[in-house]
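One chain, chain A, links the two complexes that follow: it is found with chain B in the first and with chain C in the second.
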Partner chain A sequence: MKPEVILRSFGHLTQAAGVTISVSFAGIAIGFAIGALVCVAGLSRRAWLARFGAAYVSVFRGVPLLVQLLFMYYFLAEFGLDVPALAAAVGGLALSSAAYQAEILRGAFNALPRGQAEAAVALGYADSEIWRRILLPQALRISIPPLINEFILLLKASSLVSVVGIAELTRVSMNIASMTYRPLEAYVGGGLFYLAINLTLAGFGALAERRLAAGQPR
Partner chain B sequence: MNPDVLWRYLPSLLSGFGVTVLCWSAGGALGVVLGFGLALLRRLDFPPLRWTLRAFVEVFRGTPFLMQLFLLYAGGPYIGLRLSATAAGILGLGLYSSAYFAEIFRGGFATVPHGQIEAAISVGMRPLDTLLRVELPAALIAAVPAIVNMLIVLSKETVVLSIITVPELMYQMQTMAAETFTAFDAIFAMAVFYWLLVEAVSRLGARAEARVTAYMASEGARA
Partner chain C sequence: MTSFDKVSITRREAVKTGLAAAAGSWGFFGATRFALAEDTLAEIKKRGELVAATEMQFPPFDISDNGVYKGVDRDLIDAVAKQMGVKVSYIDLPWTSVLPGLDAKKFDLCIAPVTITKERMKRYAFTVPIADATAALMKRADDKSIMKPEDIAGKTVGGQKGTSQVEQLKTFAAKLPKPVEVKEYVDNNQSYADLAAGRIDASVNSLPNLAYAASQRSDTFAMVLPPFGQPTYFSWVARLDDKSLVDAVNAAILKVEADGTMATIQKQWFGQTMDLPKTVPEPTI
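Now for the complex of A and B:
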């Protein structure tokens, strides 16, 4: 084991870590928007919308992410769309993450006591106000810790986009391994970067959980 | 997709499916056993060991499975660990999932009410009996749903093994796609297949979970 291999490629790994973080962040942000729509569809009283929401979650949680990513990659090519690999990768991560985030949000809404919406109706709040001022703030508060958890999972899953050639942490570690003939050091180095990012995120998660729990009835 | 192509590649696809099932079951079994061992060791009152185990869990849960596989398969030979792709895949799945299983079992032990353990001590049960007859049954019942869930997650992770050339289903399918220029059709078929597989496994899992929980609850009541 030669630690200097890791030190010498530190710059490349840092840059790659930036790509990993941006790809995952874009994935989680777009995934949140789609996930919110899927969640609303799933909670809808219209049967076909509810069925659509359930089907979306079932498909995107059931098909392995690697298959989804390759599908995105080939699907767009099949229809002659010349989309850069990066867009396919972010899109694939976002669509997959949306299914998990929709479930997180649905769980949060279901966790809210029914009496609150009823009380708001009794007090004469309009439907949109009930959503905006009573249900949404509380549901978001409940879902922040699991959403951070989902971010960690997505960050790890983003290593799979290396197969479509994005120069993120895993890909760059592979390149370093093949250039230096030192796979052990290259992958330990890459792994340490992932670990550092994820432990930081987990720390934020714990902090958020404590902050949000303050002033809440136990 | 051309049915002829599929027919011609059926043997290799079937063998790939066999390898997928083998890796899943062997890796999952290894993970459950290792994870249970880790959870038991973590109960010992010896701080350095606890910290080491904690670090093990953090490392395996904090890094991508693909990275662990590369490290094991490409880096292994440099520390004298020379494994075939399939062996590395099974060991990788086992190590990766053992960290999650360890946490699941730990969570299971944490659900056992303290009063039960105190009661066991006060009626004069030895520590081993307390563990085997009081804590373990209750902990396992609590852990079953999470174990089933993790096994379902693991069934999807087997796909990643194709990247280190384990000849499982995904790998065989990509070989077929490359040789017959049917990438899109093959990926589409694969997506449908895995979706059905995971749905079936989830349904079976839910039934197994109900069975096991009911069985263990009745056994626990008798013991």
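Now for the complex of A and C:
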């Protein structure tokens, strides 16, 4: 074990960690937006919308992310649609994560007792208020732990985007391993960066949970 | 329950807004363009840039040194592009993505060293050779039981899956008195790591790759000489219909060989010079 291999590559690993973080966060954010829509579609009483939501989740949760990335980057090019590497990477992460996030949100809404909305109607609350002040805050609180879980999973899954030529953390660790012929040091270095990022993410999750728990009866 | 019906109207609005937002973000990352069916060489000249791809994990040919692309291929493609009067940009892809990426027109030329084989010549257009690719073996420096290639009989040898060197190893091993167990890895570096760890007894790869690895970690690795394989060569590859591009690259490589640049590059990375065929040789494997 030669720790100087890690130290010498520190700048390069930091830069790659930046790529991992930005690609993952873009994927998470866009994935949340799409996921929220898919969730709303899935909860809809309109049959075609509900079917669309279910179909989306089946496809994007059922096909491995690696295959989705390869499909977007290489297969679409066969039809003359040249998707740039960054778009394929972020798009792949977002579309796949959206399926999981939609299910997390759907589960959270379903966990709310139906009677609450009915009682609110009886008390004369406006529909927008029922959503904004009663259903949404509670659903958000319920979904924080599984969402943080999903964010961490996605961040680690982002190592797959190297197949479209994005030099993220795992890829750069492999580059260092091949250049130095010291794989152990290179992967320990990369692993420490992942751990640091994910501990930070988990910390934010705990913070958000505490903030949202304010006013909740124990 | 009427409230839920009304809510679903707002939902529909939300779907509309969301779709617009998704389309917007796609455009932002997009610059999604439609590839034009044009002569690749003409297109390269027009944009003044040759887009080349390789896997930067193949020392001494392709190395990513703290994010800076280095190696034999880098020096050579720079010299070749100078002859062609264009700039070069480099893409780092895992080897399994390189040839599919070439087919999908994600770049113009694959500058990963590709061994010339009969099978591959049917699918891709090869340039003139850029280096020796003859298959050889590397062992642990302290292993006295392997002194010549034939000594691997009854032992375990590792190599990168899908490479011609592993295929050559299998052919070679079939003629030995005792069977050889061949372990195939995603890339050579895992095979080297297992060799260092004692899980396998030798690694197979091309002579220049192994010689470089052995020189970089001479405390751990040593060469098993002479190389056991048929003489084979590395070339770069283009799409089969890009004949004009291959001709232009070939002319540039031959000029780089004639003016001594090739010899300088070889001295720097292999520690010695080697003569290469001036035309694409008939594949022996």
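Everything that follows uses one rule, which is that the second predicted complex is superposed on the first by the 208 of 218 C-alpha atoms of A that agree within 3 Å, B and C clash if a C-alpha of one lies under 4 Å from a C-alpha of the other, contacts with A are read in each partner's own complex, and residues count from 1 in each chain.
By our rule, a contact is a pair of C-beta atoms (placed from the backbone, for glycine too) under 8 Å apart; a residue touches a chain by one contact, two chains touch by 3 or more.
All figures in this text were calculated on a predicted structure; none of them were measured in a lab.
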item: Contacts of A:Leu195 with chain B and chain C, given as first, second, both or neither; value: first
item: Partner chain in contact with A:Ser96 - chain B first, chain C second, else both or neither; value: neither
item: Which of chain B and chain C A:Ser24 touches, first, second, both or neither; value: neither
item: Touched partner set for A:Ser128, first chain B, second chain C, both or neither; value: second
item: Which superposed partner A:Val163 touches (first chain B, second chain C, both, neither); value: both
item: Which of chain B and chain C A:Ser143 touches, first, second, both or neither; value: neither
item: Contacts of A:Val63 with chain B and chain C, given as first, second, both or neither; value: first
item: Touch count on chain A, higher of chain B and chain C; value: C
item: First, second, both or neither for A:Met174, with chain B first and chain C second; value: both
item: Touching partner for A:Glu78 - first (chain B), second (chain C), both, neither; value: both
item: Footprint overlap on chain A, where chain B in one structure and chain C in the other make contact; value: 70, 74-75, 77-78, 162-163, 174, 177, 183-184
item: Parts of chain C lying in touch with chain A, wherever the complex brings them together; value: 2-8, 10-11, 14-15, 18-19, 21-22, 25-26, 29-35, 53, 56-59, 63-67, 91-94, 96-97, 100-101, 103-106, 187-190, 192-193, 213, 216-217, 220
item: Partner chain A, residues of chain B touching it in the complex; value: 58-59, 62-68, 70-71, 74-75, 78-79, 156-157, 159-160, 162-163, 170, 183-184, 187-188, 190-191, 194-195, 198-199, 202
item: Touching residues on chain A, where the partner in the complex is chain C; value: 8-9, 11-12, 15, 30, 33-34, 36-37, 40-41, 44-46, 49, 70, 73-75, 77-78, 80-87, 90-91, 117, 121, 127-128, 130-131, 162-165, 167, 171-172, 174-179, 181, 183-184
item: Residues of chain A that touch chain B when the two form their complex; value: 1, 58-59, 61-68, 70-71, 74-75, 77-78, 152, 156-160, 162-163, 169-170, 173-174, 177, 182-184, 186-188, 190-191, 194-195, 198-199, 202
